[in-house]
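So, here's a batch of structures to check.
You will see chain A twice below: alongside chain B first, and alongside chain C after that.
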Partner chain A sequence: MAKQSPLSTFVKRNRGLVVVIVLLFALLIFGSFISDRFRTTSNILNVFEQSSGLALVSLGQTLAILTGGIDMSVGSMISLLSLLTSGLMNGDPAMILPVTAGIILLGCMIGAINGIGIVMLRIHPLIVTLGMGAVLQGIALLYSLGPAGKAPPGFKFLAYGKVLGLPVSALFVIALFILVALFLRYARLGRYIYAVGDDQAGARLMGLPRSGVIIFVYTVSGFCCALMAIYLVSRFGVGQPYTGVNYTLASITPVVVGGTLLAGGRGGVMGTLFGAYLISLINNVLNFMDVSTHYQLIAQGLIVIAAVSIYVEKRKRI
Partner chain B sequence: MLKLSNISKSFPGVRALSGIDLEIRAGEIHALVGENGAGKSTMIKIVAGAYQPDSGDIEYDGARLHNITPASAKKAGIHVIYQEFVLFPHLTVAENIYIGHERRGKLGLVDHRQTRRDAAELLKRLGVEIDPDQLVTDLTVADQQMVEIAKALVHKVKLLILDEPTAVISGREADLLFARLKALRQEGVAIVYVSHRLEEIFQIADRVTVFKDGERVTTADISSVDRNKLISLMVGRDLKDIFPPKRARADTGKVVLKAENVTVNGRVRNASIELRAGEITGLAGMVGAGRTELAMGIFGGLPMSSGTVTIDGQPISHMTPAVAIAKGIGFVTEDRKSQGLAMQLDVAANVTAASLIEITRNGLIDHGAEDAIAHQEIAKYKIACRGPATPVATMSGGNQQKVIVARWARTNPRVLILDEPTRGVDVGAKTEIYKIMNELALQGMAILMISSELPEIIGMSDRVVVMREGVVSGELTGAGINEQAIMSLATQHMAA
Partner chain C sequence: MTDATDIKTGGEGRSSGFRHILSNYGIHIFLVLLVAVSGIVSPAFLSANNISNMLLQVAPLGIVVIGQAFVIILRGLDLSVASVMATAAVIATGFSGVNSDMPMIIAISLAIGAGTGLVNGLLVTKRDVSPFLATLATMIMLQGFRFAYTQGAPSGNVPPLFRVVGAETFYGIPYNLMLLAVLAVIFGILLARSRFGREVYITGGNPTTARLLGINADRVIVSGYVISGVLAAIAGLVLSGYVGIVDNWVGRGFELDSIVAAVMGGIALSGGRGTIVGGLIGAAILIVVFNAVLMFGMPVQLQIIIKGLVIVLAAAFYVRRSV
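== the complex of A and B ==
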């Protein structure tokens, strides 16, 4: 029996993280050859900042996917919550705190309903969250067919503010990722998230709180969507009924690029964070190469498929 | 300790348990025996809270239990080691052992170092060398079984239930397990032990309960019964009737398939084997000796890194399952649920799956013809089911196995490979499968039977090839086929 070091076990479990970091550096070097402007601090900081929104949505998505599920309602949820945020604030600074708190609570509630639906109805998460997404999109359009309300002055700070020259939103997102990573490693609930994704039936037979785990991860996903909605309102100054529409697929990309198995049970959030950086950096490099955004969309689709096929557990040929 | 009264449970189409009364005492090892489908596993799952009984009372530790769930059963000190492991493949050994009982330090956070240390300690106490940092998916099946056993020792259990714990472990590990069980008995733990291996039961059990067709036949002190008595209680017939008499062998059949110097990626090295028409070749060896891998290599299911396969003297350059089937090789896999049957489909669809061409008219499936064939095969192999439309998922293991054998036999293969053909099959159905194998051999088919059950190898084979650690360690024929000879070939250097 070969003794395994904890390090090799770590690498084995986090292949994705290692691969993504290597790719990230390779791309940084490649980008430097493409353009002088690419290497500038301001460009790198720009990418850093642009990635934070994507990373945020993907954080909740990672937990859902770790349990073997998926959250397809994130796009519509972001749209609805962003509309409500700017609509309810409507330029009034006094409303910043209550509305922010209310939106976060609402996001958590919608997520919890997703989780409860999955547990109680015993329906695949894909269907429950797709259905929820349609419902939320409908509500958003009933609320407003176009941009609604506006962000109060000073609200821009969340998206554009800087601390020690670094974007405050990006720093916040990093802190949140580290917190969740520690949670996954050191909290019992974190361990159970992996267990549920690894073997659902087994988790039940072991008496693990499977329902609680599932409700928890979708609640976290709802929480992340709420933060994203608030961030987008801060960034664009207003909420719109379709502002989140692209994030459903987009939120899955960093997760799978970061090495989390779609089947669940394996992976982690740090892979997702660097996956989000990688995606943003790819788009940035393509920009410098004068590739149109349409091709960027094509690239993203291909990257998802490639990532999943690389990390998928190769079944033994039978 | 545990008292079941009048427990009944039905599944769609099957009455799994009817009116079971059973009492398990603290400080005893209570063996449960019975054919597959007799209801042992269902009973265990009811006690563990995985199934709810339709009726009946469960009294445990002096109190009546209602609506048991897996979580509440665990809390009450009931621990079950299931036949299908409940392990999380991508967690480490240590994490699996303490799942649900995480070692925690300050702030209630998981203490990884403590978990590792305690797990290492526990495994050492159990007498096995398993690295607590390994992922469970990387362990051998035998080591996974030992991890399952270690899990049971983590916390105070009052009732320990083991379902076929020795199916995948070898003698030394089984002895470690038995020593542990005896120690637990000393501490007053009630132990329920399910096994097909009757020798074990006489070795460790205090009392034994026999199940048959969902009913409890009897409970007796182990000293008051013997092996033959138990078997006749389980089956209602004598042991000597299990194996059909050996066929009058066709002298030396022609070699149909010849595999030379087959090497399969670290699992099999330079193995050669010949299969002859009309002969049953037994492939024996310990679990993990590379038997399935050799057969899969020949069949093209696993890539061969070197070696040649010739059929009727014709070398096959690139073997794949499709080529193998076209050349007349059939393969009845070990795991019929995931690699054999379409569980949700019915008997007719499963029987005709490998010979669809014969019921295809103008490119469409002729369901009338399919039905007719299914009726024919059901009668021929005495498949117990309600008809061709019975979903195979609702049938017993033995009948499922007959469905697969029927499927391959329809293709008239020259060579039929059977991997553990009677695993999870009750004694009655075993005999029928043996008879079918004999008939097929008489028709001139070359049969390769992989089996871990020595009586089966000895009772059925004309020739026995023994593997050990990936190599062929010997071949036995005629009177040379006996338990000692096979065991010594299977274990030669392992004892050292």
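== the complex of A and C ==
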């Protein structure tokens, strides 16, 4: 391997992705030794399906983090939008299309407001999105203190439907990830996202449309949250005011595990996708080992520490 | 005085007396106005009962904010405080519930707080992990340990003396407020008057400068996280005395509330600026706002919405000032 083979360049460019994929395979082999039931197609498909929701939220989060920001409003946004989805549909199949379109539009708008706030007020994204998160949670609770409305019949297809034996939702999420990965790699705006995250001041000096880039990534994050909200309503049949609360912090783990630096500018979405699979698979293996959920939390903390220690961050804090 | 502020803010030029007062005491004035307006709109707000109630609630948040102040001035952020608080509270009920357990409870809680702070600090300094992730990871792990320890359902009683410190008053002044005052004076002097305090500001202002000046920046940063962890443990014990019954989530939300209070009090997330007094006033404002919402008969959900708006507006106010 004296010359730069395409493989070695790929490995160098996508260290996080490669590490995660290797770990995934190691875990699959390890799991098959532990339990016969682990090896079954239905179990693997189950993990595959369960991780899709988390991966979806983490997709938007990855873009925000690539610009050096973070979106702490995702949990409340998912809660509010899921509540509105089931509340407005309220079991009426005729409402599926208009409500779905409206919710996606609303998610994008909330995300855009996050981005505009960050650009206009010149405050750290953490503060802006935390504030937005609190406001959205409050609105969700004003709308309803408990589950509201119900999903129309047939709406379950989004979460439980299968094509050629594979879950529709999981396939859709993969397609979306590939689309965004190509966009980041080949579109001009995609390259700008990295440039802004790598060096905010430099990006401005070079005349990159920094404001536009930032508004764009938070809009995408809002879009992902809207899709997640719709998915959750399809899955559970109803929206709840706290249904998204855990996703705010949970959505950050796959991003970090997948090799995207919190400081911004480096990483990618495919690492995030496999990061989400890895986390679901670890929990699944721990379940088969009869490890209680309490210890699974400890394992998750250790994974975050291990990940951030492998991908050393730049000296740029917060 | 004016010269000193000018140096700190990068020399924005001579400011008129009014602007000077506004930029230095804006947050104090805001708190006074807030209390006055609330009292006028709802006389019950200023009743002795309600004031005593608010004072009781300030202490746990205030104690956490003191620690958070050190970390934020050092360009960090501590998300693990709520988890430390809950762990301390769980330990407070982990014994037989009598006063003679207290030395043991206090020793274990403070050790856990200090240990968590040490891990946070070492991850941030030695491994270059961002404070957000380092404290997020310790938060999750501590949560796991706590759940494993309690098997999901903590039970038992808080020693009676904790109840006294956490929830009772001495001629209308809560004991926990006195504790907050003592801690605020100690750590306020440490930050504003000691050599260590100066090192905190210099390191937070610019770590490279700090190293060039021969300051062991890593040690200062680790100390900051340890202070935050220890104070969070104390706050957890005080809160356990206030609520009396302990579940796994005592202190939930304090990580964000303490950051919000600090930012409102003028402690910039970019580091190097802010005071303990500012942070405590931020904490008081949060408590007053929450209380006023209820006193005005508004739905409790508005508390959360107003909190969100206040965070962003306060942060925006300070950004305008410093640029």
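Simple rule for what comes next: the second predicted complex is superposed on the first by the 302 of 318 C-alpha atoms of A that agree within 3 Å, B and C clash if a C-alpha of one lies under 4 Å from a C-alpha of the other, contacts with A are read in each partner's own complex, and residues count from 1 in each chain.
One rule holds for everything that comes next: a contact is a pair of C-beta atoms (placed from the backbone, for glycine too) under 8 Å apart; a residue touches a chain by one contact, two chains touch by 3 or more.
Being a predicted model, the structure only gives us computed values, none of them experimental.
Undergrad: A:R188 in the overlay: touching chain B, chain C, both, or neither? Say first, second, both or neither.
TA: Touch status of A:R188: first partner only.
Undergrad: For A:T9, select first, second, both or neither according to whether it touches chain B, chain C, the two together, or no partner.
TA: The first partner, chain B, only.
Undergrad: With the two complexes superposed on chain A, say which partner A:V135 touches: chain B (first), chain C (second), both, or neither.
TA: second
Undergrad: Go through the superposed model and pick first if A:R266 touches only chain B, second if only chain C, both, or neither.
TA: So A:R266 only meets chain B here.
Undergrad: When the two structures are laid over each other on chain A, which of chain B and chain C touches more residues of chain A?
TA: Residues of chain A touched, chain B against chain C: more for C.
Undergrad: Check the residue A:I123 against both partner chains and state whether it touches chain B (first), chain C (second), both, or neither.
TA: second
Undergrad: After the superposition on A, what does A:G165 contact: first (chain B), second (chain C), both or neither?
TA: After superposing on A, A:G165 lies clear of both chain B and chain C.
Undergrad: Look at A:D199 in the shared chain and tell me whether it touches chain B only, chain C only, both, or neither; answer first, second, both or neither.
TA: First partner only, chain B.
Undergrad: Residues on chain A in contact with chain B in one complex and with chain C in the other?
TA: Residues 316-318, which sit in both footprints.
Undergrad: Where on chain B does chain A make contact in their complex?
TA: Residue positions touching the partner: 48, 50, 69-75, 80, 82, 86-92, 95, 99-100, 102, 104, 108-110, 112, 116, 129-131, 133-135, 296, 301-303, 321, 333, 339.
Undergrad: Going by the contact rule at the top, pick out the chain C residues touching chain A in the complex.
TA: Residues of chain C touching chain A: 75-77, 123-124, 127-134, 136-145, 147-148, 151-152, 207, 256, 259-260, 263, 269-271, 299, 301-312, 315-316, 319, 323.
Undergrad: Would you pull the chain A residues touching chain C in the complex into a rising list?
TA: Touching chain C from chain A are residues 70, 117, 121-124, 126-128, 130-139, 141-142, 249, 252, 256, 262-263, 292-302, 304-305, 308-309, 312-318.
Undergrad: Sort out for me which residues of chain A touch chain B in the complex.
TA: Touching chain B: residues 1-6, 9, 12-13, 185-188, 190-191, 194-195, 198-199, 202-209, 265-266, 316-318 of chain A.
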